[in-house]
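One chain, chain A, appears in both complexes that follow, with chain B as partner in the first and chain C in the second.
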Partner chain A sequence: MPIGSSPKQRKRITSIVFYATIIIFLALLPQLGLPVYPMHTLIGVFIWIIVASSLRLLDLSGQGSIGHAAFMAIGAYTSGILAKFLGWSPWITMPIGVLATGVIAFLVAIPFTRVRGIYFTMVSLFFGIGVLAVNQVFSKFTGGYSGIGSIPMLFGYNKTPYYYFCLALLVICLSIIYRMEHSRIGLTWKAVAQSHAVASSIGINEAWQRILCLGVSCCIAGIAGVAYAHYYSLLTQETFSFNTSINVFVYMTVGGPRYFAGPILGTAALILIPEQLRSLREYVPFIFAGILLIVLFLMPQGLAGLPDQFRQRFARSPKVKSLPAEEGVSKRAP
Partner chain B sequence: MLLDITSLTKNFGGLVAVNQFCMSVSEGQIVGLIGPNGAGKTTVFNLITGVIRPTSGKVEFDGKDVTGKRPHTLASYGIGRTFQLTPLFTEFTTLENVVASYYLHPRSSFWGAFFNTPTYRHNEAFALEQSLKILDLVGLSKVKDELARNLPHGYQKMLGIARALAVQPRLLMLDEPLGGMNMDEIAFTMDVMAKVRRQGMTILVIEHNMQILDLCDHVVAINFGQKIGEGTVEEVRNNPDVIKAYLGEQNVA
Partner chain C sequence: MDTLITCSVNGLVLSAIYILVALGFSLQLSIMGIFNFAHGAIYMVGAYVTYGLSVGLGLNPWVSLLLSVILVGAFGLFVERFCFRPFQSQITRMIVMAIALILILQTAVEVTLGGVTRALPAFVPGILRVGFISVDAERIFTFCIGAVLMASMTYLIQKTKIGQQMLAVAQDAEGAALQGIDTHRTAATATVIACATAALSGSLMATIFSMNPFMGDNILLKAIQVTILSGIGSIGGILAGGLIMGLLNAFLPVLTEASIGELITILIVILILLIRPKGLFGYELF
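Here is the complex of A and B:
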């Protein structure tokens, strides 16, 4: 079959071209004289998009987590502590941080996958709180509440290299997620999310698939974590608190968890809009909540679902034709 | 014998759902498991397919002891099954349902799928082609792009069978395939079952609709978790215990 022949492939090519344009535009921004502060904001947006997208990857397999920042924290603290106290180069500690996140994610996934749905979400919350408690216990290394500062930075104080580094990480992580979602891996995870009984009846080891999904998702969150640690160079209790996990969850929900673009749009909107309203800083939580309510009531499919929502509303005929009775299974097979 | 069950027992607390149940299915047969509502038919099914573990007893499939194995393992041994309720991936289209069910044969590796290797692409093309064939067989080709949850009930049941066929089972286990169907749909489903059997598949079917008996080579009747009759269709039809279970006491005459 020649490439681009089926509507599905054409749609995929359109979206790849679309994303490529955006990436090229973002890559050119510093050359066009992007000021330092917006660049700093954008770096943050890149990091949080990685986290929100990894959360959505986990959501594909039907596991909603509200403790995802904890996995980010594991990566960030591992890499940060190793680099600061052992003096290792961040280039070595960062992969170790990601690996540590992955290993811990796999270990906790084994008991976690015994519960599904809302119970998994609750367990993820407790895990998030547990990681904060561990942070307190080992305050000699982690600094407890006050956190650890002066973590070795990657490129010094010029922000442009960080911008490109985080953009590259973003592109790599999103490509990985996109590829997984659009291959049999994603198909299997979506199947597990819809019905674990049916999934296991066709030979899918659904517990293992959910462990795998959690592991991959947390590795990606770990990547964001290590990038965070060596860019901001400061990690505090507050950075990866329960609030952060909820924020990431909100980014995903506002953007639309059913769409690949969802967490990207949601994160960008919910970081950039409050950023524009810095004069109203005290009111930012209210604005945040307001946006969330508006989205939940008016756009249940999120920002990324708006085109589909409009298409459905203004479609002349209902999208799904009901089948005439005589056309039912009643017709004998040919 | 393809499937051999010996003295299978399952207690739920004090309730004995299945008691010392024995049956066997030989290759190429259609075996019916009939019984009134609550007789324990679906429990027997779930015990065979590993959804629940038996209290005691033994299930042998193709000479292997498979008692208490997990459902996905049993699927890989070659047992395909349908469900009485929620038989589908509701958010997938009809075609996606079947394609997703091509998980075991051919089996693609994680990295193969991730890197889109030629083997993986070949496997996917094969799965797609076979899925279309199966949809043709069960008469769902014309609704292949509809979301499964939007399908009428009869179609959903057929899709359940299509999904089970995608496992390429040696034993196909159907849980009330005729449940809630009208006369035409029943005729069509039985047609499909006959066609599948001609392809050499063994079928174990649960039903309380007696029309299924026309297809069966061998029938086992169960009530209150106990076998009350077994044999050819004629034998079971005339078995006084079976008549009693279905029609009640005073009709035995």
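Here is the complex of A and C:
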């Protein structure tokens, strides 16, 4: 059978071409003379897309988290402190930071498997706040509220290398997430999310799958964390606060947690649109809230669900695949 | 001895406020199944409305307190109808809705009054002296208001028809609807009560401490902690949980460093969630 003959394959090729075009376009941007400030904004967008996508990976297994920034913080602080106080090269401390995030995530995941659904969300919320409190207790190393500054940077003050570095990280992380989602593991996680009882009955080790999912997702968040630490070179209490976790959750939900493109679109829209309207100063949160309200009331599937929504509305034949009920923390019972 | 008494008084005052806010939060949670993250913002708005009426318009502080409670209660009606009802039983979208609400309320206050920290003049100025102990009269007043309100809320929920309807809806919304209970009206009543008590406790708290547009974030976390500690849907549990939380928050910063005290509180909450998710006195919601 020639390549591209079945509709499924054709759809896949289209999406690969689509994503490749976007990546090539983004890679060419600095060559086309992208000014410094937009480049800075885009680097931030790349980092937050990684975090939001990793949060969606966690959501696949039915674990909605509103403390995800805490895992980012673990990676960022580990790498930042090692690089600053021990004088190690960022290239060594960054893998250590990611590893530390993964190890801690695995360790906390073991007790966290006791709770499901909304209780997991609550545990994640308080884990996030607990990490901040630990940050306060060890303020000798972490700087407490004021944080640590002048963390060694990766490439000095030129932003172009950072741009390519973060773009590469983004592509790698998104490929990992995409492969995992569309492999057997991803299917297993979705099964666990839909019904843990049924999943257990067909031989899935529910607890292990959830631990694995949390571990992988938090490793990816840790990657974003170390990239953040060595780009901005300043970490404060506010950087990874409860608000940050909530923001990441909002990016994912507004984009549409059911779609791979959801967190990407959501993050891009919610960072770039308020950024464009920066001149409104203190009224910018209204813009942010306005986007949330528009998406909530008009786009039940999120931004990435718009094509499906239109297809459903303007469908001529009744044979159109109906959308499944919304996934997420709400549907499941422990 | 002096420290002990000061801490106890502070703990009791904190408990009263925590219980009031947590009661509203927990009512909404058990009746509508929503995590109202905007509850802290409504608490903040209550304080600012009182401030605006009493300091800005120069009304009598008592009248402005009453007006603030009524206005914010009415706002609760709006919130329930247009913000929460469309998203019932969709927790993900519900949380986003609450975030949008928080952003709008906080930014509105910040734009109109500025982000600076302000103080609300005390309703009952002066200091009470009993023997060698001296306490702010305002704190005693706050505690009394809190106690009276708690007693009347308990009465409302346990003895009156509307309270029984709330309990029925909290147990099983469909079953309650089959018995002819208007679940939407019950939810609206609960939201109005929650918003009104939040406004009252926000105003009281603003006289003891200070107020800024972000004062609600902290109290929201405390309300969630109390709700988790006591369990969902248990009024008596919230009284006990609020007392424990208030006393912990008053004594721990004196006994250890403030940051370690914070960490201990959070560890307790996480442990309760992991070991006994239904809390000390409640039942499991989902």
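The rule is short, and it goes like this: the second predicted complex is superposed on the first by the 312 of 334 C-alpha atoms of A that agree within 3 Å, B and C clash if a C-alpha of one lies under 4 Å from a C-alpha of the other, contacts with A are read in each partner's own complex, and residues count from 1 in each chain.
The working rule: a contact is a pair of C-beta atoms (placed from the backbone, for glycine too) under 8 Å apart; a residue touches a chain by one contact, two chains touch by 3 or more.
Please read these numbers as outputs of a predicted model, since none were measured by experiment.
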Once chain A of both complexes is superposed, is A:E206 in touch with chain B (first), chain C (second), both, or neither? first
Please indicate which partner A:A197 is in contact with in the superposed arrangement: first for chain B, second for chain C, both, or neither. first
For A:I129, select first, second, both or neither according to whether it touches chain B, chain C, the two together, or no partner. second
Of the two partner chains, chain B (first) and chain C (second), which one does A:T188 touch, if any: first, second, both, or neither? first
Is chain A touched at more residues by chain B or by chain C? C
So in the superposed three-chain picture, is A:M180 touching just chain B, just chain C, both, or none of them (first/second/both/neither)? first
Taking the superposition as given, does A:G64 touch the first partner, chain B, the second, chain C, both, or neither? second
In the superposed view, which residues of chain A touch chain B and also chain C? 328-330, 332-334
Help me check something: in the complex, which residues belonging to chain C touch chain A? 35, 86-87, 89-97, 99-101, 103-104, 106-107, 110-111, 217, 221, 224-225, 228, 257, 259-260, 262-263, 266-267, 269-270, 273-275, 277, 284-286
Considering the complex alone, what residue numbers of chain A touch chain B? 179-180, 183-185, 187-188, 190-191, 194-195, 197-206, 212, 320, 323, 327-334
In their shared complex, at which residues does chain A touch chain C? 64, 66, 111-112, 114-115, 117-119, 121-123, 125-127, 129-130, 133-134, 136-137, 139, 144, 242, 246, 249-250, 253-254, 257, 282-283, 285-286, 288-289, 292-293, 295-297, 300, 326, 328-330, 332-334
Of all residues in chain B, those that touch chain A in their complex: 49, 51, 70-72, 75-76, 80-81, 83, 86-92, 96, 99-101, 103-104, 108, 110, 113-114, 116, 120, 124, 137-139, 142-143, 146-147, 150-152, 154-155, 158, 163-164, 166-167, 181-182, 184-185, 187-189, 191-192, 195
